[in-house]
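Working notes, beginning with the structure itself.
Order of writing sets the labels: A, B, C and D. Residues in every chain begin at 1.
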Amino acid sequence: MPIDLSYSPETTALVEKVRTFVREVVLPIEDQHVGDIAAAGGDAIRVELHARARKAGVFAPHAPVEYGGHGLNMSDRAPVFEEAGYSLFGPTALNIAAPDEGNVHMLAHIADAAQKQQYLEPLARGEVRSAFAMTEPAPGAGSDPAALSTRAVRADGGWRISGHKWFITGADGAGFFIIFARTSGEPGDRGGATMFLTPADAPGLRVGRHISTLDKSMLGGHCEVFFDDLFVPDAGVLGEVDRGFEYAQVRLGPARMTHVMRWLGAARRGHDIAVAHVARRQGFGAKLGDLGMVQQMVADNEIDIAATRALLTRACWELDAGESAANSTSVAKTFAAEAIFRIVDRSVQMCGGLGVSDDLPLARLSREVRPFRVYDGPSEVHRWAIAKRVIGAAKRAARETESKETS
Amino acid sequence: MPIDLSYSPETTALVEKVRTFVREVVLPIEDQHVGDIAAAGGDAIRVELHARARKAGVFAPHAPVEYGGHGLNMSDRAPVFEEAGYSLFGPTALNIAAPDEGNVHMLAHIADAAQKQQYLEPLARGEVRSAFAMTEPAPGAGSDPAALSTRAVRADGGWRISGHKWFITGADGAGFFIIFARTSGEPGDRGGATMFLTPADAPGLRVGRHISTLDKSMLGGHCEVFFDDLFVPDAGVLGEVDRGFEYAQVRLGPARMTHVMRWLGAARRGHDIAVAHVARRQGFGAKLGDLGMVQQMVADNEIDIAATRALLTRACWELDAGESAANSTSVAKTFAAEAIFRIVDRSVQMCGGLGVSDDLPLARLSREVRPFRVYDGPSEVHRWAIAKRVIGAAKRAARETESKETS
Amino acid sequence: MPIDLSYSPETTALVEKVRTFVREVVLPIEDQHVGDIAAAGGDAIRVELHARARKAGVFAPHAPVEYGGHGLNMSDRAPVFEEAGYSLFGPTALNIAAPDEGNVHMLAHIADAAQKQQYLEPLARGEVRSAFAMTEPAPGAGSDPAALSTRAVRADGGWRISGHKWFITGADGAGFFIIFARTSGEPGDRGGATMFLTPADAPGLRVGRHISTLDKSMLGGHCEVFFDDLFVPDAGVLGEVDRGFEYAQVRLGPARMTHVMRWLGAARRGHDIAVAHVARRQGFGAKLGDLGMVQQMVADNEIDIAATRALLTRACWELDAGESAANSTSVAKTFAAEAIFRIVDRSVQMCGGLGVSDDLPLARLSREVRPFRVYDGPSEVHRWAIAKRVIGAAKRAARETESKETS
Amino acid sequence: MPIDLSYSPETTALVEKVRTFVREVVLPIEDQHVGDIAAAGGDAIRVELHARARKAGVFAPHAPVEYGGHGLNMSDRAPVFEEAGYSLFGPTALNIAAPDEGNVHMLAHIADAAQKQQYLEPLARGEVRSAFAMTEPAPGAGSDPAALSTRAVRADGGWRISGHKWFITGADGAGFFIIFARTSGEPGDRGGATMFLTPADAPGLRVGRHISTLDKSMLGGHCEVFFDDLFVPDAGVLGEVDRGFEYAQVRLGPARMTHVMRWLGAARRGHDIAVAHVARRQGFGAKLGDLGMVQQMVADNEIDIAATRALLTRACWELDAGESAANSTSVAKTFAAEAIFRIVDRSVQMCGGLGVSDDLPLARLSREVRPFRVYDGPSEVHRWAIAKRVIGAAKRAARETESKETS
């Protein structure tokens, strides 16, 4: 089969529908709620946006068809999610915001039938929100997940969980939690984790403060969450005991890529605003867009957009082909998080004083995209992982050559 | 005389006093008012901080001695202002925040005796705040001051001013304004501007909305200001009519440098926080600060701090020597604005999730320093000016060679 | 059809064969001729390498099947040419070095039957080399082809060409030339160019000095070429008169991409050498490859390689689909030329003193790849072209909105 | 004393004389010997240049006055050496090329009277050249000097030295060597080194091949040197036994800075050539120098030049003040080596095809400056050292806080 980068007519049509929907329906609502940008407008607007998205035929592009979704694979999600990301409220409207979208993906792959009915279906249909409780304050699981400290101990008919999580996106108002807890081993061991499903109103689960961050658009905030002897019955174990780190991989690779898709849409919006600005605004005897230093920023944005998309295409194809794609998703995430930051930063710069003000959405976008260089693995951790693979292989090759030479 | 980079014992002692004052008095107050970061705590806190600064002997280091200041030249201001900038409230405390500090500088150079008494003395003593009304919305004076559109027309015993300004820092609550208006010529002409002094409560002067921007710490905000047939008597003309562009240079070079001094202090605080974090925090089997990629960020911060300081030293010395320093202040400002941004950005990155949260001051600092790459001349305008000088000289040299060859 | 990034088994097998051939046959010959790196070993070695490549079944992957080639499209050329580029002698061995490879491509598209027999077939079979004579010294055709100054004037049964070209790759020893000359209009006009085919030994064609450049590996050098009333019969007109600029596009897009493919191979070799070095070499109590700053360079190389490949895949697919691909080839060329430079530069740095010496091939590679940021369009010209498209579209959109609003 | 950045009239006059001398005398000779750029023209030209420099009153600006030098301190050397570096032959002409210049500096500080007479005086007067033999092939002393492997063992009345050095600049033709050898401890120990002085013709000292590197202008090349039971009498011990690492610091800090001075001159020449080019050359309907992207490169060069100079001023002042300046010389060297590379690289880019050719000196300069990012400590080693100081201090502060809290 020759290389083919074209999308099916169905996908192309869906992309077009999402583009229209975002521009005509979602952006005006985002603009009305700039003051509410914290929490992406809140749950009431979310319900309204869901209804509008269903009517427009663009709801839940990623969800299994049996739950009302479009069942898109990763490759087809890319252009659709990018269009949705063009508005900060777009992913919420299509029910593809983090962490729900990644949770749908993971539950579709790992949950059993009863869990699918209880958790996946209402989530896919947009009836509840969810949270994925993994990150912990130091010295627990942060950039290094092996430091996992939250404990689940065997109890009659299930497990009792105690621990402290934070930066748990969407926790406030979530209908249920997926909890990452240690069922064996000690903090530092790269094994012994299990995932648990629990309703949010289970006794012993408490959502604490919202941690205030540069980004404000995540519905349900980034919260502290406390587990105090929380009971989860055996039916709440997701997949098998002690295989949590393995399952996390199922979620992490695709979740990294859907983050890239959405933020790429946001970056493109910033770029479009800046290009429109410099195409109209006069300065120094010319349109700003006729000045070489401005053209350089525009061109660098175009290059960063193209390269991000191209790396995304590669990683999604590997994921769809069933490969681990650990390397290509690390490469794409690292490049994209930095490129998206640069795109928005240059867009701010092109708009000068307006760019750093709230008279344009650029300042807001610049705050929203910064944390992406940190979460889903800081750039430094990804670079370390990428380099370790390559250097590790070279060390093995050197040892083989040596052992041949000495034998 | 040999090169000498040492400070006098008096300056060294003052730097030390400011350092102690900021750490012991100002930072705790800043920390109590994080929620009030908009407006740097407000005027009540300003009054309190002034009193504390006077008591500590660090008030108004830049102001003329006859008005209670220390009368420091630009070279000596550098380390003192840097220490003050270590807290976002520090410049307010010492009465050296923008735009008051630059206004003191300019009035000391240009105002007549009566104007000094009416405007400079209370400003230097911290009894009032002030504003410098130059920037206008498109198509008026922005990056290109020659586009100045606000008009002053001759009236009986004075002038009548009409126009629209914006991004006027400190306007809300200012006791008086310095207004930049066109007294001759047309927008686009590089001449014909005059500066006017007026009390804020003069009829015809109206302060409009605060323009919301990434930075929040400027007392009095960045406001729109409207002049509707505002009468300014002849006694309110600062210096001479039609020499406004020339006087603006008196203010601009030093004001660029004092911005650099203050923001360099803020960047250093960010760096110190990040260094303290990586020196304590464990990760991947080591202290974060033992990891090479983290060390690279620390070293790059140190290099950026050192280079910013070194360029500042050069430009201040030229200013003190009475040179125009147009080139060296452009070079220092452009480098510094970008270096300071990088320092804070790397500091955020080193602290990971905490870095993008309000649990540390880094996210706040990252918002505060971004606009500096835009105001006081965007980096692109400075680069254009720097290049024009060099290339213009080369063109003249080429023409001279040619004319010699052909004659 | 879904996105598909896999290669056919035939292409995969050819890639593997080229990889083996380059490592087992070409690299050892390159290593013996390091002193002859000027001129890629010379024509004698070229003939030998051709014979070995034919025997290995890897000769002329790009050439039409009827002339003994593999007839690969652009997408399939990408991995094959990259493997060939792993040795500086590899492209010569496979007969896919510049400018012959691009000339084969263009002649296959534009030449008539007689021209194909006389020029294309011997070129495709490796029996002669060729040159493409376009670039002129200032003020002629350089980065801006419209400045074309070489003239062809009508003569009995053909044209007479006079002009001065330089940086003509492969001119010394070429069997024939494709000449770009102005048949109408004046320098500065974006039209009026025609392409001519002529044997190298035609009277009035003279190859001047080799221009010494940082790169040394192009067989036949970068030469000055003089046309002094050179007669080309009508049969030597390639395509139609006055359509030269149009035809140049047929050559330029693909030629940009095959340059990227080959140099990416060279960069990968540099990277592999550096990785092998840091995997073995001890320093500061660890393997160099265990140090974070080294890991960062390795990871950045991996990211640059992946992004270059991904952008190449995109542009080649567009070219194969019959699109102009002017934008995607500009984007890919600009990114790639800079990325390839960075990759080699980091590889040099990782090897320290050895890296800047000829004890490793890295210093040589660093000289070879630098000019690619200049030829085939300097990065600045591509950025200008990329930005102009985007900003031009925004200007048109702004005008349409305005005219709607005012009508 | 206030900050003072002015030079004495004597220094200013000397700078001016060197500038004139280099432009009128040295550059024309360099241009005649482009083919001999290897070895900076050779020793015959060196002798001629010395004579011309003596006549011009610019010889040996750094050497003690008693040996015919000007006795400049580090601060005053900066502008003088920068002017000399404007030609690749300039440092040779003034007798301030590496390694002789650094050896003069060190011998003036450490040698005893007899050693001064035998070695320093003829070196300072330009009668002989010298070499500093420190670097060894792996696993010996490279970036990490503690790996020193060359051994000196006690013998009757002196020491016997055996070992293998490489990258020894100026070794071929040197009159004497300063040898760094281990007199106690084992490779890896940060102590136990001694410096020895020996005539080049001593039995047991053999200069091997020239290591071919990107740079070609160092007289005497970068050579391998072998010591085979070389006898050095006790009178040849420089300073005291086992204090070699300590003495190396005396040489390293200043030598780093004089490298920066000279290469900054070379970079400025590249910049001047590029500026002259873009000021004259037409393209795209304007002078190249009127295009924004070109102006950006010019401005960035100006900024890099200014920052390099400013950091140099700081470090030299600390050295003159008798401080170790280990940090400020590391900062200045790291920034400068990268800035100088960027300046030359942008200059190449501005000149396009000419820039990568030998029709201008830019390609040559680009090869010459690249290794400076590696020798005198690779950027990565300096960054590591800079970061370690800062992070180490933060760790100590954290421990103190902790111990106070717990006590």
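The rule is simple: a residue touches a chain if its C-beta (ideal position, glycine included) is under 8 Å from a C-beta of that chain, and two chains touch if they have at least 3 such contacts.
Computed from a predicted structure; not experimentally measured.
The greatest centre-to-centre gap from chain C, using C-alpha centroids, is found for B. By number of C-beta pairs in contact, B-D leads when A-B and B-D are compared. Chain B and chain D have CA centres that are 39 Å apart. The distance from the centre of chain A to the centre of chain D, each centre being the mean of the chain's C-alpha atoms, comes to 50 Å.
For chain D, the set of residues that touch two or more other chains comprises 291-296, 380, 383-384.
Residues of chain C touching chain B in their complex: 291-296. Listing the residues of chain B that touch chain D in their complex gives 1-8, 73, 75-76, 275-276, 278-280, 287, 289-290, 292, 294-296, 298-300, 302-303, 306-307, 309-311, 313-314, 316-317, 320-321, 328, 331-332, 334-335, 380, 382-384, 386-388, 390-391, 394-395, 397-398.
Interface of chain C with chain D (complex): residues 135, 138-139, 142-144, 166-167, 211-215, 222, 281-284, 291, 293-294, 348-349, 352-353, 355-359, 363, 366-367, 370-371, 373-375, 378-380, 383-384.
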